[in-house]
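Listed after this line are the structures, all set down as structure tokens.
Below, chain A partners chain B and then partners chain C, in two separate complexes.
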Partner chain A sequence: MAFELLLGAWVATGLTLFIFTFLYQDNPLFKLAEHLYVGVSVGYTIVKTYDTVLIRLIYEPMVKQGDWSLLIPLGIGTLMLARYLPNATWLSRIAFGFIVGVGSGLAIPRIISSFILKQVEDTVRPLISIAQGAPTFTYNLSDPSSNLNTIVLLIGVVSVLFYFFFSIEHTGPVRVAARTGILFLMVAFGAAFGYTVMARMSLLIGRLSDLIEYADPQYGRASLWLGVATVAILLLWRVQRREQPPDTG
Partner chain B sequence: MNFAERMLHIDRRIIFLVIGVCTLLPLLYPVGLAIKVSSEVRGVHDYIESLPEGSVFLLSMDYDPASKPELYPQAVALLRHAFRKNLRVIGMTLWLPGTGLADQVMTQVAREMGKVSGKDYVFLGWSPGSGSLIINMGQDLYKAFPTDYYNQPTRELAVLKGIQTLRDVNYVVSLAAGTSGIETWYVYGKDKYKFELGGGCTGVIAPGLYPLLRSGQINGLIGGLRGAAEYEVLIGQKGRAVAGMDAQSATHFAIIVLVILCNVFYLLVKTSRKQGEAR
Partner chain C sequence: MIFLRRQLPLVITFVTGVLFTAQYYVPHPRSELMLTEVTKWLQIIGGFALVLGVTSLFHIHAVKIRRKEPGWGYSLVLYAGIFGTIAVGFSYSFAAGQWVNGKETINGIMTAFGWIYLNMMVPLQGSMFALLAFFIASAAYRSFRARSREAALLLIAAVIVMMGRVPLGELLLPVSGDITQWILNVLNASVRRAILIGISLGAIALSLKIIFGIERAYLGGGKE
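For the complex of A and B:
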């Protein structure tokens, strides 16, 4: 096996175990892994941004291909750095103005079209279908497009909107509608929480699958050796902490 | 303190241990529970299946290493399917921290399927902008990505022959761990350039994407590790996702039991307190 694969397996195993030690309690191994994660992430981001943006998208097209029009976005982008110069901070507003203007111009119409108009269009569906010239009503709850589900969706949307309608007091029929809205919201939160639990368990499964793989002899039984080492370090740390006199500060 | 009260104040590390054991045991000794394929996962599979050989498939791997356990198996399954169908595959990412991971999965699956970089597939890497990058790709792919991840000029790549903009792409799938992801591809891509769009996502963001599925804004959705397992079943190549399904079922069962027990103990404590007050 290639050395870099072996090293990668040992580093991944060690850091996974170090992070897992937090389940026992906060400790130096966890802090080491946490700080490494932050440092490596930031370092990777800086290097990739430098290589992709400054070198590939700006330097090479300008110097090698003579595309000097890139000086315009480069100039606008550079104005951002004026925030660090107390006398020229105002220059950064030009860059911010450009970003806010272009960003809003691009986003607002597209988001209205995609998330409001399209969703309203999907919500307002016929409650009764016409099949072979005769009105029909489908009851299949597992079919999202059935007529019964269309009614459920309509009741859900209207009742939740009532719940968030604060201009009138929630009494009488409005209270009934708002309470129905809460039921729909609870179902939605439950579904979201269920999916979140599933996602978190998937992450645990992913890490444990890796630990099982790296316990193989071809990886030098990294999981076993590092597991033993992690437990030993934690025990030493506990003993050392007990021996230390309490901080009277 | 009675038994129910003691149980409600149980050391949470015991619960961690229970969950850990419930996850580990099925991974070591798999049972092979049945996996039923959902219509949303089938939507992505069937569309790829319907594409003729040489069609252009763009896979945007919009995730970082934190979401690898859920989205990596999805990427592997989708790439295996696309390469098996002899589609021209374009890989990219909107997430900078995921660049290395995306390159790794493309290279690994391409090597496994005997595909050549530049001829059968290309990995474009990452470029800044997300939404504006997609718009840029919709106007001119080569301006958005003058070179691929390995610094090869994209105009010279055989795999991109005849492709000028996103309008020439037959199918886009975004594997998303958040924003930027499926929604970004819909808002700035599909809605404007009219290609077909499918999605894969982490479990956390899946409920928020179902409205897009119902309205037909995306034609399929692979949700979490479960979705990846379903896709592996569909292509007949069982991998990491299927292997993790027994563990997923066991942990879900453990959590359901813990929730029920917790509620029972809570009610018992409440009842005993009321009885104490009545005396």
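For the complex of A and C:
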């Protein structure tokens, strides 16, 4: 087996075990892996940003294609760094003004179109279908566009909107609508919870299958040796902590 | 000078805000070109925002090391992670015969940068998020009590969705897969839709307040 594959297996196994030691309690091995994670992620982002922004978006269009209009965003970006100059901090406001202004301007029509009109359009659909010239009502629950599901969707959207509508007091029919909204919300929160748990479980299964794979002799039984080493280090750390006098500061 | 410091940023926000709101309703090639250009500009400016963030991170950990605060050694590990990854990201790949420059593979050959991504970032990220599975399960065990009708609904929905997404669950309760799909595609979709409409209305109100200079918190403090 190639050396880089073997080393990769050992490093990946070690880091995975170090992170999982947090299940015992916060400890130096976890902190080491945690800080390494932040460091590697930041380093990776810097390298990727250099490649995408500095080379592909600035250097190549400016130097190879002569697109000097890019000096404007460069200037605006530089103004952001004025935050570090105590007497010129206000210059960064120009950059923030530009970013926030463009962002707000871009957001308004797109939000109206995609998140309000489109959502309302998908909610307000015919409650009865016409098939072969005659009105029909479809009950198929497994089809999200069936008439029954259309009614459930409509009730759900309207009742949840009522629940979040605080301009009128929740009494009488409004209270009934708001209470129905709570029921829908609870089911959705439960579903979101279950979905998240399963997504995390899937990640966990991925990590555990890697650990099982790296316990193979062709990887030098990395999972077993590093598992034993991790437990030994944790035991040593625990003993050392017991021997230390309690911090009275 | 006061105009430059206080009014100019607001004027820029107003002009760009109105301009890019109007842009959506002008289906002209020049208008589309303006949108493409400004999207590129925002990406470039975003790169400078990264500089701000990274500088702040460097500063915090440099202070920890200088003052030898508890756990300062971990800050060194963080620095080693950053500089090590950057060095590898810009190194020369002898196997591929060219500079790496942030590429994970060159002509099908994995670079050292790709090795870091595959054997350090992916396991660390996966393990960190997988760790949450344990905490979510433990929190659920402690807090999931069907004390009321609403709590019972939440509990039942969560259990059905969890069962419906694994083969064992479908084996124990064959209809759980179909019910899960119905909960996700109909009940959950309706709630998401309503929440999305609410959030959108709030976002539009906030955007309008920003454009008209009513909301100014984004300008921050500092000398006037």
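To be clear about the criterion, the second predicted complex is superposed on the first by the 239 of 249 C-alpha atoms of A that agree within 3 Å, B and C clash if a C-alpha of one lies under 4 Å from a C-alpha of the other, contacts with A are read in each partner's own complex, and residues count from 1 in each chain.
The working rule: contacts are C-beta pairs under 8 Å (C-beta built on N, C-alpha and C of every residue); 3 or more make two chains touch, one makes a residue touch a chain.
Since the model is a prediction, treat every value here as computed from it, not as a measurement.
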item: Superposed model, chain A: greater residue contact from chain B or chain C; value: C
item: Contacts of A:Ile212 with chain B and chain C, given as first, second, both or neither; value: first
item: First, second, both or neither for A:Val157, with chain B first and chain C second; value: second
item: Which superposed partner A:Glu121 touches (first chain B, second chain C, both, neither); value: first
item: First, second, both or neither for A:Val11, with chain B first and chain C second; value: second
item: Contacts of A:Gly105 with chain B and chain C, given as first, second, both or neither; value: second
item: Partner chain(s) touched by A:Leu203 [first = chain B, second = chain C, both, neither]; value: both
item: Touching partner for A:Asn140 - first (chain B), second (chain C), both, neither; value: neither
item: Touching partner for A:Ala188 - first (chain B), second (chain C), both, neither; value: both
item: Residues of chain A that lie at the interface with chain B and also at the interface with chain C; value: 23, 41, 44-45, 48-49, 52-53, 57, 102, 106-107, 110-111, 113, 115, 119, 122, 144, 188, 191-192, 195-198, 201, 203-204, 206-207
item: Complex contacts: residues of chain B adjacent to chain A; value: 13, 16, 19-20, 23-24, 27-28, 66, 68-70, 72, 96-97, 99-100, 125-128, 131-132, 135, 146-147, 151, 183, 186-188, 191-192, 202-204, 206-208, 211, 214-217, 223-226, 240, 243-244, 247-248, 251-252, 255
item: Touching residues on chain A, where the partner in the complex is chain C; value: 4, 7-9, 11-13, 15-16, 19-20, 22-23, 31-55, 57-58, 69-70, 72-74, 76-78, 80-81, 83-84, 86-87, 89-90, 92-113, 115-116, 119-120, 122-123, 141-142, 144, 149, 152-158, 160-161, 164, 181-198, 200-201, 203-204, 206-207, 210
item: Residue numbers on chain A that touch chain B, as the complex places them; value: 23-24, 41, 44-45, 48-49, 52-53, 56-57, 60-61, 102, 106-107, 110-111, 113-115, 118-119, 121-122, 144-145, 188, 191-192, 195-199, 201-209, 212
